[in-house]
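Each of the next two complexes has subunit A plus one other chain: subunit B in the first, subunit C in the second.
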Partner chain A sequence: MNWRSFWESELMEYVTVQLTYGLVVGTTIALTALGLTLIFGVMHIVNLSHGEFFMIGAYCAWAADQVLHNFWGSVLVAAVGSALLGGLLIMAFQRRLADAGPLRWALLTLGLGYVLREVVQLIFGTDFKLIDAPLKGTLPWIGGIYRLVVAGLSVALIVFAMWFLNRTRYGVLIRAVAGNREATAIAGVSPLAVYGWVSVISAGLAGVAGALMLPVTSAYPSMGLEIMVAAFAVVVVGGMGNIRGALVASLVAGELEALLTLVLQPNLAILLVMTLFMAVLVVRREGTLWLW
Partner chain B sequence: MLELVGLNAGYGAIQIVWDVSLTVRPGEVVALVGRNGAGKSTTLKAIVGLAQVFSGSIRVGGRSLVGRPTALMASYGIGYVPQERELCANLSVEENLLVPIYARRLPRKRLGAIYERFSRLKERRNQKAGSLSGGERKLLAFARILLLDPAVLLVDEPVEGLMPAVVAEVGGLIRQLCAGGTGVLLVEQDVGLIRRTADRAYLMSRGRIEASVREIGQRELAQFLGI
Partner chain C sequence: MVRSGGRERATTAVVVLALLCPLALPDFYLYTAADLIIWALLAISLDVLLGYAGLPSFGQAAFFGVPAYTIGIVVSRGGPLTLAILAAIAALLVIAMAVGYFATKTGGVGYIVVTMLASFSLFQLALVWTGLTGGENGLYLPRASSLAVLRVRAQYLVVAGLGSAVLWASRRLARSGYGLALAAVKSNERRCRALGYNVERIKLQVTLVSAGIAGIAGILYALVERALAPDLLGPGLSTEVVIWVLLGGAQTLVGPIMGAALFVTLKQVLNTFESYPLVLGLLFVAVVTWAPAGLIALRPPGRRRRRSPGGPRPSPPETGLG
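Coming up: the complex of A and B.
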């Protein structure tokens, strides 16, 4: 097979379709990881329950769609629902555990994640909840139109979040608290209020990601745990608290997983990507922070 | 006026400040002098809510500050320039100045007035605060607190390790503020700066105020500080 015939072959189309799917997976991980790294960077908390807001977003969207019969409206409900729930829960603990060490926070959020998973399982059961994609049809070389829209929306949300953090007054105050909580408090900023915004934004981003993935993967109780493993890995590899690093690592993880799925079983592909990330951490303990 | 009566303060179970009483009137610079570990910085931190107050009262303009969160100090007219970690090193110079403006919803034109006063900061407005020299960092720390127009300014060892020209600049700044009616509580070990700027001083040792002096003699100060 020469280069031209390879380029025009079905295999090549399969590769580009997988690349688009990798973009969907990568941007979804990125949306979740963005919230995770934001909470770590500002509140210095490793929120091990963060993935559950991805799962809650998906279930919220499914439940809202049963009533509204409008997917995009359901995504909005999921975003608001998961943001409020996440904000309320984290802030309720923050008030009690203001100066608790990272280990207590890690154990607490681990337990919170377990409780949220069990509660969702009690309410919705263990079966997969699926709804049809709101946009049907496929494009040659790309695949499902909906997947392309999910990737586009996720990228738009990430760009918006970056703009919000870098260009707005709230963004400046969030970065100020992340940089020096005491110096910011002296200037009249309540760190508690900023923690509230960050909790809401983080859970909301995860919720939107979960809702957007509902027609792709369906909703199931352990989906939060799966995305959390990926998001946590990219946050650590990207450099804890480093947003740009987490975003790049997310895209690399998504594309690698999608391409490896061409030749391996999906579980094995994920295993290989995670092993690669672990290898990066063994070689460079600070992750890829030195790159950014 | 800032008034401390019988203040006992510290961190957790450890008491560092014992029965401290002092006053700072509008337009005067009061120095809090003592060796390292005397409890000077903890006294300032207790005033702004960064150290625990066990008992005693802290009042400014008649209102109690005990138990109030640090973020409310600006609204009570208290400004604080700490000794270290006084800025957000990850933000640019301008973003550091915007923090109090955004927090207190102040008019943005105040930024222009600050740039007129500190032209060096204007030149470095887009530079990360973490990359500034020690003197520039200190000026920026003063500038962001001045934006809040405090009635009482607490300053913790502002000139430690700075060049003589910057020390003189900081001293001039403190005198200017006091001429404008701001009361300044200055924690310092630089005898020259204390003599040039302070109207009176409290001598502090082992967490207690040992004496209150009106005339600040160089020899007595140096002896007290063990220089």
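Coming up: the complex of A and C.
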């Protein structure tokens, strides 16, 4: 087969469609991972309930869509809902566990995640909640238009979040607390207020990602766990607290997973990517920063 | 360190009670009791790791499910039981070495992530690789090549005997010089390193020990229960073990045993009660928030030790979770 016919073959179109899908998966992981790094960098919390806000975002969007019959409005509802819930939950325990170590926070959030999963199962049951894609139609070489829109929206959100952190006054405050909590407090900024903002933003980003993925993967109880494992792998590979590293690693993970799905079962593709990441972790620890 | 006279007596009482069970209980309850001991072993394995060494393994089910599945796979293909047990030990060693190596290499948060990842990946693998694991249907061990060939009473004695031996060995380990080294690594890793301890090696060793205990529990589970499902490897069970250990009281051995026994019993009694896991999770959150030393450290209000007015408050038991 010569190159020209390969280029025009159906196989090639499969590949490019998968590449778009990889972008969707990658940016979704990136949005979730962004919240994870943020809350770890600023509050030093290993938030093992983070994935559940992704799941709650999806379920919120589904429930809102049943009432509103308007998908984009539902995404907004889901974002606000998961952001508020996340902020309230973390801040409710923040006072009590103010000087608790990271292990106790990890245990607490593990429990919170477990509870959230059970609550959602009690309310919605364990079956898949489906929804029609709000934008129908497909493009050649790309696949569903909705997927392209999701990828674009996610990229825009990530860019906006980075701008917010790097360029605005609130972003500077957040980074200041992350850098030196005491000095910021002395300078007259309440770290508690910043913590509140960070936990709201963190859960909100995960919630938006979940809501946007609702038409693609539908909503089911273990979706939060799945995305959280990926997000954690990405965050650790990118270097805890290193946002740029996490973003690059997310895109690599998404594309790899999507491409491997061409030849393997989806679950096996994820496994392979995770194993690869574990290997990268060890190599990186030994001082080779060859990925970025 | 905590003075633990009461805890010593409690441990002895647990063992004596467990070994006396066959005299008093009918067969059905003995079967349930054997089940409890197996889950208690899994709780002990995590307590050694999380309680004593401070290593947060949130994927403990991997060390439990892998040997159990290996036995199932070998036996259901007609292999002899001895071969199955040897294969299970080999598989456990491989998985424990791999997880332990990656987890200690990445350290800190990495330990949580790698153990979680391991449990999650193996769970997925068990679901996907249907030819080997039976997928969602799981595996059934034939009666002939399991402990079911023995009478229930003898079965129970095997489980209780092994369980008591593991508990005794874990207590010896915790109170030995090595146990002190573990406590040292837990409380100040950098100082240990400065004193010349090979912290990475100690962490890997204790991960292997813990995996070994979990593996014994897994092998017993396969041989007694004879039905294997992917859940035995999954993040759900991994989380539940953490809950048992913390609820009972980490770093006490007896606390996690009580935690496991209490909650497995509750699960069986309340299995028609749909929101049981929710109650368990809420209780766990409450314990981590308000009583991080676990239920075992709680005293009924009337029996609180009197302290001289103005004297120092008795320090709360050390949990290492603060």
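Just so we're on the same page, the second predicted complex is superposed on the first by the 285 of 292 C-alpha atoms of A that agree within 3 Å, B and C clash if a C-alpha of one lies under 4 Å from a C-alpha of the other, contacts with A are read in each partner's own complex, and residues count from 1 in each chain.
Methods note: a contact is a pair of C-beta atoms (placed from the backbone, for glycine too) under 8 Å apart; a residue touches a chain by one contact, two chains touch by 3 or more.
Everything numeric here is computed off the predicted structure, so don't read it as measured data.
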item	value
Simultaneous placement of subunit C and subunit B on subunit A, clash or fit	fit
Angle, in degrees and to the nearest 10, that opens at subunit A between the C-alpha centres of subunit B and subunit C	90
Touched partner set for A:146, first subunit B, second subunit C, both or neither	neither
Dominant contact partner of subunit A by residue count, subunit C or subunit B	C
First, second, both or neither for A:53, with subunit B first and subunit C second	neither
Touched partner set for A:185, first subunit B, second subunit C, both or neither	first
Touched partner set for A:97, first subunit B, second subunit C, both or neither	second
Subunit B versus subunit C as contact partner of A:173, first or second or both or neither	first
Subunit B versus subunit C - smallest C-alpha distance in the overlay, whole Å	9
In the complex, subunit C residues that touch subunit A	54, 56, 58, 101-102, 105-110, 112-114, 116-117, 120-121, 124-125, 127-128, 235, 239, 242-243, 246, 274-275, 277-278, 281-282, 284-285, 288-290, 292, 320-322
Touching residues (chain side subunit A, partner subunit C) in the complex	40, 46, 48, 93, 96-97, 99-104, 106-108, 110-112, 114-115, 118-119, 122, 225-226, 229, 232-233, 236, 240, 265, 267-268, 270-271, 274-275, 278, 281-282, 285
For the subunit B and subunit A complex, residues of the former touching the latter	48, 50, 69-75, 79-80, 82, 85-91, 95-96, 98-100, 102-104, 144-145, 148
Contact set on subunit A toward subunit B in their complex	169, 172-173, 175-176, 178-180, 182-192
